[in-house]
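Note sheet for the following structure.
Every chain is named by a letter (A, B, C and D) in the order it is written, and numbering of its residues begins at 1.
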Amino acid sequence: MSTPRKVKVNNIDNSGFGPNSNVEGGRLTNKDGSTNLRKTGMPFWERISWFHTLLRMSRAKFWISILLFYTFTNLLFASIYYLIGVDQLMGIDGHDSEFHRFLDAFFFSSQTLTTVGYGHVAPHSIATSFVASTESFVGILAFAIVTGMLYGRFTRPRAYLIFSENALVAPYRGGRALMFRMATYKNNHLTDAEAMVTAAVHVKEKDRELTHFYSLKLEYTKVNSLALSWTVVHPLDENSPLAGYTKQDLLDSRVELIVAVKAFDDHFSNTVQQRTSYTINELVYGARFLPMFHRAEDGSHTVLELDKINAHEPAAVPEPELNLADLDALTNS
Amino acid sequence: MSTPRKVKVNNIDNSGFGPNSNVEGGRLTNKDGSTNLRKTGMPFWERISWFHTLLRMSRAKFWISILLFYTFTNLLFASIYYLIGVDQLMGIDGHDSEFHRFLDAFFFSSQTLTTVGYGHVAPHSIATSFVASTESFVGILAFAIVTGMLYGRFTRPRAYLIFSENALVAPYRGGRALMFRMATYKNNHLTDAEAMVTAAVHVKEKDRELTHFYSLKLEYTKVNSLALSWTVVHPLDENSPLAGYTKQDLLDSRVELIVAVKAFDDHFSNTVQQRTSYTINELVYGARFLPMFHRAEDGSHTVLELDKINAHEPAAVPEPELNLADLDALTNS
Amino acid sequence: MSTPRKVKVNNIDNSGFGPNSNVEGGRLTNKDGSTNLRKTGMPFWERISWFHTLLRMSRAKFWISILLFYTFTNLLFASIYYLIGVDQLMGIDGHDSEFHRFLDAFFFSSQTLTTVGYGHVAPHSIATSFVASTESFVGILAFAIVTGMLYGRFTRPRAYLIFSENALVAPYRGGRALMFRMATYKNNHLTDAEAMVTAAVHVKEKDRELTHFYSLKLEYTKVNSLALSWTVVHPLDENSPLAGYTKQDLLDSRVELIVAVKAFDDHFSNTVQQRTSYTINELVYGARFLPMFHRAEDGSHTVLELDKINAHEPAAVPEPELNLADLDALTNS
Amino acid sequence: MSTPRKVKVNNIDNSGFGPNSNVEGGRLTNKDGSTNLRKTGMPFWERISWFHTLLRMSRAKFWISILLFYTFTNLLFASIYYLIGVDQLMGIDGHDSEFHRFLDAFFFSSQTLTTVGYGHVAPHSIATSFVASTESFVGILAFAIVTGMLYGRFTRPRAYLIFSENALVAPYRGGRALMFRMATYKNNHLTDAEAMVTAAVHVKEKDRELTHFYSLKLEYTKVNSLALSWTVVHPLDENSPLAGYTKQDLLDSRVELIVAVKAFDDHFSNTVQQRTSYTINELVYGARFLPMFHRAEDGSHTVLELDKINAHEPAAVPEPELNLADLDALTNS
């Protein structure tokens, strides 16, 4: 017979989410660790932080945004010069076509915006001088912003972690354990890495559905150095809030694991943080991870194979001897 | 009969404020969390941090300051060129009007300050060359400062928290509790959020008035994640320094709550902090907060309604069975 | 009779300084908190961090350095153009005097360095084109460095604390205490401020002189908020390593107080730190601090008088009942 | 007879390295503290953080990279102008030689890239205007990146520590101790410095070789201030996992010391970290460090001789009375 839970497992109330499943929709945390949440009641522009949106944008999108900004600003100012009359810009040849005249205005605009200012075309009237004075000012400010944005993107502290796509219920010391693993994929080095795993369990209670949150106890909460890979292990023993859960119980309660990793990164000399989550669909019951590092052929160093981060093979796990109902009865008696 | 205070509640001396009410004026902490304090005995320019003042300025004020700086610097240098004589700038047409001549100097100045330097107008004499050399140098330094300032504004770590306008004395587990709530209003995510609430209570003692400071014990001091809203709760039970305070007692002692929230923000990968305070005028006696989040109609996510942050309805709270005087007698006996 | 020391006071070995007075010279820590230390055995340029030296430079010195750099770089490139021959710069009028020719080269240099590039003077030959191409490149890099330097200066986290010029031995709860005080002088706000005071005491032991280091126990090691002033108090009671020291004992042992204050600053959202030290010459025996804040006349706020930070008046302190020798005998028995 | 180990010494599993020696190659940690590790399974460009690679590059390499970038970008754009035809750039004299024509395109390119734009040469056709507009845009973005990179290099928090080249087994309080020392070599000041030493010991167990990791207990784990030098001491007493190891045992087990130092630096107001390691080849058995600081001749300050950081002299150390086998027997009995 299995040992009953030694510790009374309390669900925690300070998870940042509410206990009432009925008012929350979908998964709580997205795969990238952001909360599955929409905010209303405030205008859009007050709810968004533009700078950080640009900071978190993908590289391609970011450069396209910059390019579009450059093009549209030039088009805008070119239109103004064109409307004022390009004859007020000295040095422009009397082109026949209107398109040519607009193009000249466009190129003059770009020379002003970037402050290259060759001067073979130059503002001649008060109106064009004034617009050009404004445009060069705008240009300098815009590139001051871009400088800050680029620096911000470069120096945004990130953990550069990859997680295994799946969390496993694996054999562990004669019993079972929840496992997932992670590794850094850049030339960065994390120290004092700390993992925190919260399980959200959906429980039917009379007519309504509640969400219980449990902080899962880990084999190691902290590693001194995240040099190779780190397999985070939560033993499904009698102290676990998920003790006694069979495969079906896990499915029924739609378990969601919310993972947060915090570490000190020597690239940034700063604390970095990454989050992810595993829904029940990303949980593989009965599997074990395969090794992902080996000695180099010449023996001079160790090789870490990042593409094997999720490599696992089926492995039998013992069923819990007591089912959930028995266990709860025991705990409450 | 109510249970007397189990713990001896000591007022704290390390609040940063003095214990003597007579030497302090008005509320201690402003609504935005800054201290209601004026410093003297040092010249103004040594007491102010210009950079941080510009950093904390509203967006509109900041851009207007930049624009004014650009305009006035141009006016200054334009005046110098004008005084030297615009005929020492080659390429300037012999305009009739003095105003036109000044305008030409102004536009030349702006072309120099922004380093656009078309060159259709250029310094011709030693004097104008020297001034132009200085101006372009000033221009580059000024925009270096602006670049830094813009970056500083963008990256200034902020918690982006809104607090409920009112703190409530609400019904709580058969008794009463002080409550207020907060939520993040941007697309940011706070983790390890920690709240600290200090109560300043004004007490008449013989001929003088003292200020006692109490650190209030909270239901949860820390939440792992501030995803939805967080209602901070201080139970007004027998362990509270405010136990036994009736509505009138609270009014008489002009209770002021000083609130500080600290968290780790993933936008900035930095500790962020926000403060606020509640004076007795912002305290609602006998009310409860209304829910501010619900499941989205399509069930795929949760909706947080920021405009309901202060939504509350009247709710009866039990009066303390022992009044303040009785309780103090009990504690001291 | 006085109570003997209740705790065995051990000197600490991890102060960062050595225990042997004979190998250390002068005061250990300077008034500004830097260590009174010179490093040798490595070339000067490897021992200095240029960036941080420029960061910590006074404002005046910094701007003069920038100005000198601009002038000397221009002089250098002007000399190169002059040596190549200014006739290889088109647009330069055939001036008679050599000085005028050099000035023209100088102004062309400044137009290139700042990238203003009017173009009324422009490089005509391969040699001058090459030098100008180099100079504009140098200019951009130089101003990139200046931008970084300015931003670094603005955002260098500083505590902006002033300390009382003197530490006092003041009357305290019927006994004596070491006291000094501090306040922030800018519009900044420190929270979670923590003080650490180490006493270095010089002791003659047989033929050599040793330095003992003691960590002094403070009335409050931490204050939640450093809003007004903070008087740091070390009671000279029976638990103090300086218990039993008379005025003469303090003088004889050349006591030096090394002070470090650490806090969280909301300007910088960063930990700030400031250090200072008090030698025996800066210690006033028998004095008490005068109040430095009062209620504003209109009662709306509190006024903190920074110029009173060191204000103190003479105050009698009781002599220790047991002298140093007696006490040591007691402790060791 | 020696005292047997008082505490059961467990090897630690959270070192970030695996326990199986057979899959790891060479030393675990390089002399500069980086892990001796190669990552595969992801494309190179995803595994590298360009920004941080440029940040950690030596000064010489960095400036050469910048210079090469400038040269190649100019060559690229010069080629484009040349291919379009330099006759579409107005102001270019009809040079005879093709090389001269290319040089003119090159210098025009550099004037555009740096935005100096004299204008004596200027784009005349749509094609050249378009390329020039693109180039000036590229120039501004490139120098925005360089500005960020320079600032990043300047402000990258570093501990500026030098370590002794060797770790010593030195006489210590009648027994033996492992020692190495460190000092800051710049004008920086570290406070709250913390050292962590992990020993990796290779142990033959039946047919395979295991790596055991031990966290070594230090005389002082933390020093308040790293003003002078700090000698880190691990006593090889009965509580050490290396107790009983003779010189030969140390050699046989190929002991590797992995050292991490963390401190608060007042230059950066940030936590700085430096790592290093000592393999068995860098361990000197039977030696003691020589003093590395002395009083200045004029007595006004202390002199720290950085070139003596590794200075040591031979010194006899007592052999352990019990050898490794005896001790293990004792511990396990």
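FYI, a contact is a pair of C-beta atoms (placed from the backbone, for glycine too) under 8 Å apart; a residue touches a chain by one contact, two chains touch by 3 or more.
From a predicted model like this one, the values you see are computed outputs, not experimental measurements.
For chain B versus chain C, which are copies of one sequence, does the interface use mostly the same residue numbers on each side, meaning over half shared, or is it different?
different
Where does the A-D interface recur among A-C, C-D or B-D, taking recurrence as more than half of the contact pairs being identical by residue number?
That interface is repeated by C-D.
Upon optimal superposition of chain A on chain B over Cα atoms, what rotation angle is obtained, reported to the nearest 5 degrees?
90
Of all chains present, which has the mean Cα position farthest from that of chain D?
Relative to chain D, the chain whose C-alpha centre sits farthest away is B.
Centre to centre, by mean C-alpha position, how many angstrom separate chain B and chain C?
Here chain B and chain C have centroids separated by 28 Å.
Taking each chain's centre as the mean position of its Cα atoms, how many Å separate chain A from chain C?
40
Could you list the positions in chain B whose residues touch two or more of the other chains?
In chain B, residues 111, 115-119, 147, 151, 270 touch at least two other chains, as defined above.
If you look only at chain C, which of its residues touch chain D in the complex?
12-18, 22-26, 28, 34-42, 46-49, 51-53, 55, 90-91, 111-112, 115-119, 122-123, 126, 129-130, 132-133, 136-137, 139-141, 144-145, 147-149, 151-152, 156-157, 196, 198, 215, 258, 260, 262, 268, 270-273, 275
Which bits of chain A are touching chain D when the two form their complex?
66, 70, 74, 103, 107, 110-111, 114-120, 143, 146-147, 150-151, 154-155, 160, 185-189, 191, 220, 222-228, 230, 264, 266-267, 269-270, 291, 293-296, 298-308
Give every residue of chain A touching chain C within the complex, in rising order.
For chain A paired with chain C, touching residues are 115, 117-119, 147.
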